[in-house]
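Alright, structures below, take your time with them.
Next come two complexes, and both contain chain A; in the first it sits with chain B, in the second with chain C.
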Partner chain A sequence: MADIALAPAAESPAQLRLARRLSAGARCAIPVALLLGIGFLAPLMAIFGYAFATPRSFDVFRSFTLENFATLFDPANTVWVSFVWSCGLALTTVAILAVVAYPIAYGLNVVFGRWSPFISVLFVFPLFVSENVRLYGWVLFYIKNGVLDGTLKWLGLSGGPEVLFTPGITLFGMVYTYLPFMLFPMTLGLALVPRDLIDAARDLGAGRLFIWREIELPLAMPGILIGMLLTFVLAIGATAEAKILGGQSIIVISHDIEIAFTYSQNWPLGSAMAVVVTFFIGGLTLFALSKLDLDRMLGRR
Partner chain B sequence: MAGISRRSLLKGMGTGLGALAAAGPLLNANKAFAAREKELNILCWEGYNSAQVLDPFRSKTGATVKAESLTNDPTMINRLRAGEINTWDLINVNNPWARKVMLPEKLIKPLPKAEFEPFFANMLPQFKAPYKWAMSEDGKDLIGMVQRFGPYSFVVNTDKISRKTAEDTGWDLFNDPALAGKYGILESDDWNVFNIFIVAGIDPFKVHTPEEMTKFEETAKRVFKGAKLIGDIASMNQALISGEIDLHLTGGTYSVSPARADGHPNLRAITPLKGPLAGGKGGISWIEVTSTVNNPNLSPLAVEFLKYVQAPDVAHTVAFAEGTFNPVAQMGNKACFDLFTKDELDAIQWDSLEEEMARSVEYDIVPDYDKALDLMNAAKRMRG
Partner chain C sequence: MLQTLPAGAPGAETPAAPILQLVGVRKTFGGFTAVQGIDLDVREGEFLTIVGPSGSGKTTLLRMLAGMDTPSEGNITLHGELINDIPPNRRPTCLVFQSLALFPHKSVGENIAFPLKVKGVDAAARKARALELMRVVRLPEDYFDKNVMKCSGGERQRVALARAFAYDPEVLFFDEPLSALDYKLKKALEKELKDLHRETGKTFIYITHSLEEAMVMSDRIGVMRAGRLVQVGTPEEIYGAPVDRFVSEFVGEVNTIRVKREADGGWAGVDVPGRFTLAPPRDGTALDEAFVVVRPEFMRFLGPGDSADNRLEGIVYNEYSLGSRIQYQIRVDAGAAGEKVFLVELSRSRALPPGTDRAVTLGWDAADAFTLGS
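Up next, the complex of A and B:
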């Protein structure tokens, strides 16, 4: 393996010209760049193009109008209701998951010891099953005369609560679905906290709350924030929970986009909605990241 | 590994890619000429994409058959409009689209009449040639073959609402405040537009006045607000069986037959005795028409497949393909009808099929569908 380094490749004048223009690294990156260009950027560009096309047409890149955006921002349009539901549910999911996942992440790092890998697998395992199948499973659990209701009646009780087909059960479904996406970044974040620092603080007389607030939380913050961002971005695009568990008691924005592309056959309007949502999430993410100084949080400054 | 270096590996890959790039157009050209003989792509409603239907055809022809199922007609037609006319060979949609939309837009092409017209002689009486929806508007061309059909209005649990009450009361069941929270709505928005019009006492298949649209909007808001859930066929049947709901809007043999076949004959598709539709009819029926796409390089297997599904045993398989169970026009042929067991006939409500079809108008296109759908979507959003 002596010939491991890339030798100067230029031999003919044409190759020399190319070599001057592109470094070896850039040339090696061409296949990946092409793949990303075709697989990632091209669909985004198509959506972007459709957003400016004549409504209910397929005149992408052949027409230009702002009519789709005008329709979306028309005060009479109720699409904002779906947007508010999506944002509200996503924010609530993130808040609940932050509280629920933290003790588990702490346990995986500090308490569970040799059982930690096994418990981690238990949290990962549901991801191997399709989300829809898992959600239908919950429907069977909560439905009238289903697992919960039937068991309680069998025990002589009055039956289970009527929770299916409500916004509340939609939130439950989202918390359940996105738990691993909050848990594992958070677990990694907590793993970054050096035990020596906590021991030193304790030796110097710091209380448990003080150690948590001043050492553990700030040092674990990168993982917690990545978990929160990941969960928020996934949750704002969630559809299946509101459809299957929630029985469409509310319409979320991704469902509205889906309706525009299917029954309405208004691809330009659906694309305009997708563009607005993408810019909103992108803007929010960049804003959050600009306000958070990861270096400072990691104590590197 | 001594002979292989990173450089030689990259050079090898480069040579390989170059050769592939050079040979690409030739490979594609060969594919274009040869592969269509052994390739068939079908855009259809669920059922035709099942292994039970496709596998025997694959074995018989040795062809690669791909079928994609979608759950509404406009999406399928727009796939052709968006440029996929070169991809598909057959398209299977509800009755009016072939005759009124796809043929005028040159998205489909006529079938060889002499080869296919004789099949209609073996169909149920209402499908005898020249069958309206299989023919072009001028009556000259045969533009598709019919197979599955059925009435499609609403479904009730007859343990809660008797068949007689449901048929007599009809669509006013959804105007009854006492039933708010006890019904579901099938997620089938084109049909829901029809049915909200009917619940409002308006014929859907005409141009509507602003007053009628206002009434449609009010009805849509009230009906969607009162629904316990909106969902797919499986969710509706599950909610009916469990007792979460007593009835659901939009549904028929197509949606309820799997539950009936599964031992729940108390669930029943209802066609009201009367309604605001043409001739005072109370329900709507659908008839699928399968046409050959106007693909410049149409697979010769497209017409072969259309002939294949006419055979009595294959027609029976189509009727009971996975997903939904439906009557088929080929039941007019005794050899096909005899393949249906008593339980299968009961699942598709054969006992009342003829009278229900007689009480139904045929699926048609709503002239102001886009506007009505926008109003209905807004009504859905206000549920929460």
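Up next, the complex of A and C:
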């Protein structure tokens, strides 16, 4: 924009048109556009193509059939069970995380003071270790004669609870894995609440609970909702927790997709599943973002 | 709720007890003393302004009055009841913040009705009262549902004020709420605030670094410097009888001459040669060294045959138009110190013919100058 305004008047109309067609912003965006085109859009198109190919074939873009989708939506098939498990686990994870992360986010902003950066690092630190390695760590912790069970027995108590390879431990793993993704947007959201407003509300007679309900929560909501959306989208695609900690006691949708691509060698069915899940999450996200008017919530409009 | 002071404590049972009383109030943050030795009586219904440069402790003082900080020492009493440790939400006082602290996610009406919602007033009564207050602060009725962030600076001031009134406080505090506004709007709102003070009869305590603001609005002004209240008095007292050079300079431009007593009892200039006639110091103390402080508007130019208690010869170096008045910068030969600049302010009708570099004689009468010890 700026360089157009500063362009010398002598420039020909053709040059001006070119400059207007490719603004500075657009030119800066070329590298990322190329990367997204090749690395993101192209595979997505391939998956989309496979979803309409003849089942158990590799006839991508050469055949067209809706048979894969018909198989998916056939009630006799158990794919919907996996899908319900994924949604249910993701929703429960989000709900638990919202309750667990809020006090920590509040503490990071208001209570912990100069310890806040250190405590933040503690929550980020596990992200430096591969997720699978961390989950196997939990297996070692909970497994029979593992850290928990062994220690309790050594202390002369009856062994630890047999929680491994259950849906419950899958949920635990997901809450554990996605905590930072809820915590940091939430912390940011709470940081956006000016202290003046809390002081003013208190000065006008409001108690803590009233201030939380009327001022703090609504103003921190953008951060909270972004954290919820982020963790939901990540959690609905989670597989490792169900496989490693859950020991396949339940099958989640992304595990089904993986099986279709690997053991079953049925790429078209896997692609159809991927397309349905993608559209579901994409639609949900767009819906949430359209309802989530950030500018209004931040009081900018 | 409120603790009662033991009998015999200051301010407890006197007939014309002040509404708010501060005795020996001091506040320290770590090793830093922000405010100390504050003794102040605030009368019911008065408009008191605390002025001082930034860092003088006026905001700390206000935060203690509003309950957001607790004094390290001393007592703050409201109607004779000790309120040092009463939290802000249980004090019948309300602060209008410098930032105004309006709730950005609420409409104008919801902002104003907030204290009523806290008290559990039902929605219909809340709306009625909010609309009533909007009339008081001169906000149009159709602003009730307007997003508060879409309001102009002046409108936001009114919303903040109406919200404070909705709390129905006994004392209202203001922390420089007008400082972010442009000059013209500021002037208009200063007068409106003064009107509102009259109409509501509430006690207002206003904090500002602008003495001009304080002069326009206040019944009394307290001047703060380095954590202490240096002088408290009516605008006339502050302007006409400052206790020291700091107050005199804070209130407006001044010409200061350092003088010392001679063997014959007269006064001789230290930084300007010559002998001067001084009014006795206001507090009657005997001084050997003093400062003569003359406001530019009490200086005049002397023609041949004009007389004055004191006179100085100088050269017009510059002249500034202040609208209805003209200020002259006069350079006076100060001997070894080189030159000293004096300011003279005259109304336009009595101005000199335009032109600089002319030789003039300045004069002032002893009664128009202050003799200050520090």
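FYI, the second predicted complex is superposed on the first by the 269 of 301 C-alpha atoms of A that agree within 3 Å, B and C clash if a C-alpha of one lies under 4 Å from a C-alpha of the other, contacts with A are read in each partner's own complex, and residues count from 1 in each chain.
Quick note on the criterion: a contact is a pair of C-beta atoms (placed from the backbone, for glycine too) under 8 Å apart; a residue touches a chain by one contact, two chains touch by 3 or more.
Quick caveat, the model's predicted, so the values are computed rather than measured.
With both structures placed on the common chain, the touch criterion links A:79 to chain B but leaves chain C unconnected. Chain A has more of its residues touched by B than by the other of chain B and chain C. By the touch criterion defined above, A:128 lies against neither chain B nor chain C after alignment on the C-alpha atoms of chain A. In the superposition on chain A, no contact is made by A:154 with either chain B or chain C. Using the contact criterion defined above for the overlaid structures, shared-chain residue A:249 touches chain B, although it does not reach chain C. By the touch criterion stated above, A:118 is placed in contact with neither chain B nor chain C.
In the superposition on chain A, contact is made by A:143 with chain B only, not with chain C. Comparing the two interfaces of chain A, the one with chain B and the one with chain C have no residue in common. Those residues of chain C that touch chain A in the complex are listed here as 66-68, 87-90, 93-95, 97, 99, 101, 103-105, 114-115, 117-119, 147-150, 163-164, 167. By the touch rule above, chain A contacts chain B in their complex via residues 1-4, 6-7, 28, 56, 58, 77-79, 81-82, 85, 136, 139, 143-146, 164-165, 167, 243-244, 247-251, 256, 259, 262-267. Touching chain A in their complex are the following residues of chain B: 1, 5-8, 10, 72, 74-75, 78, 81-83, 184, 187, 189-190, 228-231, 234-235, 238-239, 242-244, 370, 373-374, 377-378, 380-384.
Those residues of chain A whose C-beta lies close enough to touch chain C in the complex are 194, 196-197, 199-207, 210, 214-215, 218-219, 296-301.
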